[in-house]
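The two complexes that follow have subunit A in common; it is paired with subunit B in the first and with subunit C in the second.
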Partner chain A sequence: MALQDVCKWQSPDTQGPSPHLPRAGGWAVPRGCDPQTFLQIHGPRLAHGTTTLAFRFRHGVIAAADTRSSCGSYVACPASCKVIPVHQHLLGTTSGTSADCATWYRVLQRELRLRELREGQLPSVASAAKLLSAMMSRYRGLDLCVATALCGWDRSGPMLFYVYSDGTRLQGDIFSVGSGSPYAYGVLDRGYRYDMSTQEAYALARCAVAHATHRDAYSGGSVDLFHVRESGWEHVSRSDACVLYMELQKLLEPEPEEDASHAHPEPATTHRAAEDRELSVGPGEMTPGDSRMPAGTETV
Partner chain B sequence: MGSIFEYNGGCVLGMSGEGCVAIACDLRLGSNRFTTISTNFTKIFKMNDHIYVGLSGLATDVQTIYEILRFRINLYEIKNNIKMDIECFTSMLSTILYSNRFSPYFVNPIVVGFKIVYNTDEHGNRVKTYVPFLTAFDLIGAKSETNNFVVNGVTSEQLFGLCESFYISNQDENGLFETISQCLLSALDRDCLSGWGAEVLVLTPDKVIKKKLKTRMD
Partner chain C sequence: MDTLIGIKGKDFIVLGADSYCINSIIKLRNDDNTKFYDINGKKCLLLGGSVGDRTQFGEYIRKNIHLYQYQNSTDMYVKSFAFYTRKQLAYYLRRNPYEVNCLIAGHDNQSGYQLYWCDYLSNMDAVNKGAHGYGGYLANAILDKYYHENITLEEALLTFKKCFEELKKRFLLTQISYELRIMYDDKIETQYVTV
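What follows is the complex of A and B.
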């Protein structure tokens, strides 16, 4: 148009979901070698290693995670939060590089808000997942590490998607992500039912993360539990992982308790047989509830 | 510390007090860095009444070096009909490690115990004194003798910080036990690859007190 030409106005770059960050080729790069090699040699050892899980059931989606942020073998933060809210009906559990997860989630929050304003309604979980995976797949090969589970409630009910920074996007009922995920999967697979009650679901999620923190070196600290319902997300609890694990072990003691949650005996008994074989933790060593330091003394 | 030391994880720590010494270690045995396969793997070994060795590093080398040392010290005591002295022991350990200079054992030892010093008192009697003795080594046998504390393992940086801050010289047994335990517990909370239980031995010339600490199991 005439005015456009006179002012030499350029229409903005409409190359698809743009995070308004420099294009993949436009990032500052070190001279002399490609970014990947440079980072491998000189790069910082970024925070990795975690246990996060999410599963959907009749009453919504549960998201749980540990709170340890590790940098190599150093515990950088024992009380970090790995579940990031995107909007009132969408949460993401994050695993991989903390900086990458935090930034890309902010970008996702912004893009979803813009979409909401443009289209008049919040995009579904499926399209949020598509947006995130499309944005990140443009940076494929540059060592981004974002492994996340998007948990939300949209027009089609509770919904759960797994998104990875290479562009993977999978819908499912149960996902566990991170270095502690094999241990969490073991507990989850044993106790999961779509028709669980809310309390059973909370107990299952806490049990799974607590067991993972016990076995995995890079998971620990506390267990964060979130629940996405029809009315929005809610932070249910943050409980210390070790205290939780000891309580679960107490439930394995001879007298079977008829406690509120049914989920406990089922996943826990299969663990007991495995534990006896592998760990030789003597009965005198771990006395639950004893807050003083020495638990056993021998004098020679 | 290269990543081979992170394979199994673990740490050891020694401290001296007034007429007593203490040695402590965590009890984790990891496999391939991530997985914990045992919470009962002690890294402290008794060589004789006054020599204790703490070995952190690759678990297979920990066990091998312990067996080698046990063999050598027993042979020495049989041949020479005398209990091996701690300075002689540290020299022997240093030589064993250096003999593998180009294919090292991946262990970081500490030696904690008492040096026995003979004096004559004013009546002309021979008097034995037990002097606290601490030495740390690197994987190829460099000795470093100190009089306050020694640390080794994947958690050594955290332990150094805590020991520098909290060490008090000339404490008695109880104070020494408190200090060494608190340093170890705080360090283990800041390390992914050590923990899952801890053990402390407090040594005096005539007795050894061994205690297990309750730690976070994550």
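What follows is the complex of A and C.
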């Protein structure tokens, strides 16, 4: 372009971060190549497969997550814990890159503790969220991936913040993060009320994660359930996701399940039949498209 | 994609934006009120774009305007505010770009009510009416048709309503919930509109 030629401006060759970016404070970054390229060339294929959710209601904040850590198509750990305690009244659900989440949560724990010592009281959940967001914003463009929901109880009651490493910081009532989040939102949005009882909230959270693990390939393992009350956080339960889903199906389906050899198509269709039954269709009727596959048929 | 619309009259400015906070295909919030950054009760920065970028950029600009005020014991003029915002966008454009579109509005004693349209590439111009986003495509023609030099506040609000109804009718995404900032009489009022 004309102006470029006049000014003799040349586009930089490398895709690396400009020297104007702040140095990765405190962390050693390999010289010569920038983190993005380094990870692309040498790093493992990081996937962001998970289902975590959190919602606040009258009696506190519920945090639930699956426990599958995946690395591409490989399940690195089927029983990891994706809910990290920060202090007695603050939990964080983590999604994105596990290493980034773990590191930044340690940093957050340290910062909050220092502030507690300096100021004499723990910062509120909103401050913790802002702190985390501000710390991560210095690394904009360096491919950090931390998508987290901070669940806590502070002076203003139960609070929930969603913080993402691109700088997003949102307060809300319901958040679900990860590849399984659309499925979880579907179940959560239909069952959520601020005035739920604690047992209803536990059931809703477990149900949402179980349905998400059923549909999402990158979520599975078990379902972790945490509850932040006024007195602090509590690990309520860890239940196997498949078992939980089967139990949820049994709750809907009064008749015993047929023919255990049809493992996969069966639960889906009976589940849908049960749902239709609840709405308007009579028992035994199936809506079109719900065709049950007989044993001998093979479809490509 | 955020829809931002602004109309400036002789003695008022109305800014409007949809109240959805989106991340890929999911609406994180249906009542998002973090697109507007009110500064000192006389200036307003309306941002649209990805949530992280607009949060970071909006806070950054707002705090710097406050810093100017404390350092110099006087408010920035709207023109300076707009030029400062544009300059910052331009500075980061080739370093660490912020993908935000802005509408900058305010009132000062020097030049009255002013509205500036600034896009993510830091193109900026002083305008009487402007819109950003996919919704802005639909709204621009309506603004062109119904705006006139002596437009009143009521007419402007009606024009906004026309824009919102058009978006409801023709825009792919369902955007029925909007937030307005109305600046007149030295104050800024917030209104929520559902179409």
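Assume the second predicted complex is superposed on the first by the 220 of 300 C-alpha atoms of A that agree within 3 Å, B and C clash if a C-alpha of one lies under 4 Å from a C-alpha of the other, contacts with A are read in each partner's own complex, and residues count from 1 in each chain.
Here, a contact is a pair of C-beta atoms (placed from the backbone, for glycine too) under 8 Å apart; a residue touches a chain by one contact, two chains touch by 3 or more.
Because the structure is predicted, anything quoted here is derived from the model rather than measured.
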| item | value |
| --- | --- |
| Contact breadth on subunit A, by residue count: subunit C or subunit B | B |
| Partner chain in contact with A:Ala241 - subunit B first, subunit C second, else both or neither | first |
| Partner chain(s) touched by A:Tyr162 [first = subunit B, second = subunit C, both, neither] | second |
| Touching partner for A:Gly120 - first (subunit B), second (subunit C), both, neither | neither |
| Subunit B versus subunit C as contact partner of A:Leu170, first or second or both or neither | second |
| Touching partner for A:Ser137 - first (subunit B), second (subunit C), both, neither | second |
| Which of subunit B and subunit C A:Ser181 touches, first, second, both or neither | second |
| Overlap of subunit C and subunit B interfaces on subunit A (superposed complexes) | none |
| Residue ranges of subunit A in contact with subunit B within the complex | 49, 66, 68, 70, 73-75, 78, 179, 213-221, 241-242, 245-246, 278-282, 284-287, 290, 293-300 |
| Subunit A-facing residues of subunit B, complex | 6, 9, 30, 33-40, 154, 157-158, 181, 185, 189-193, 197, 207-214, 216-218 |
| Subunit C residues within the subunit A interface of the complex | 21, 23, 25-26, 28-29, 32, 34, 50-53, 55-56, 94-96 |
| Subunit A - residues contacting subunit C, complex | 17-18, 20-21, 133, 137, 140-141, 162, 164-170, 172, 175, 181-182, 185 |
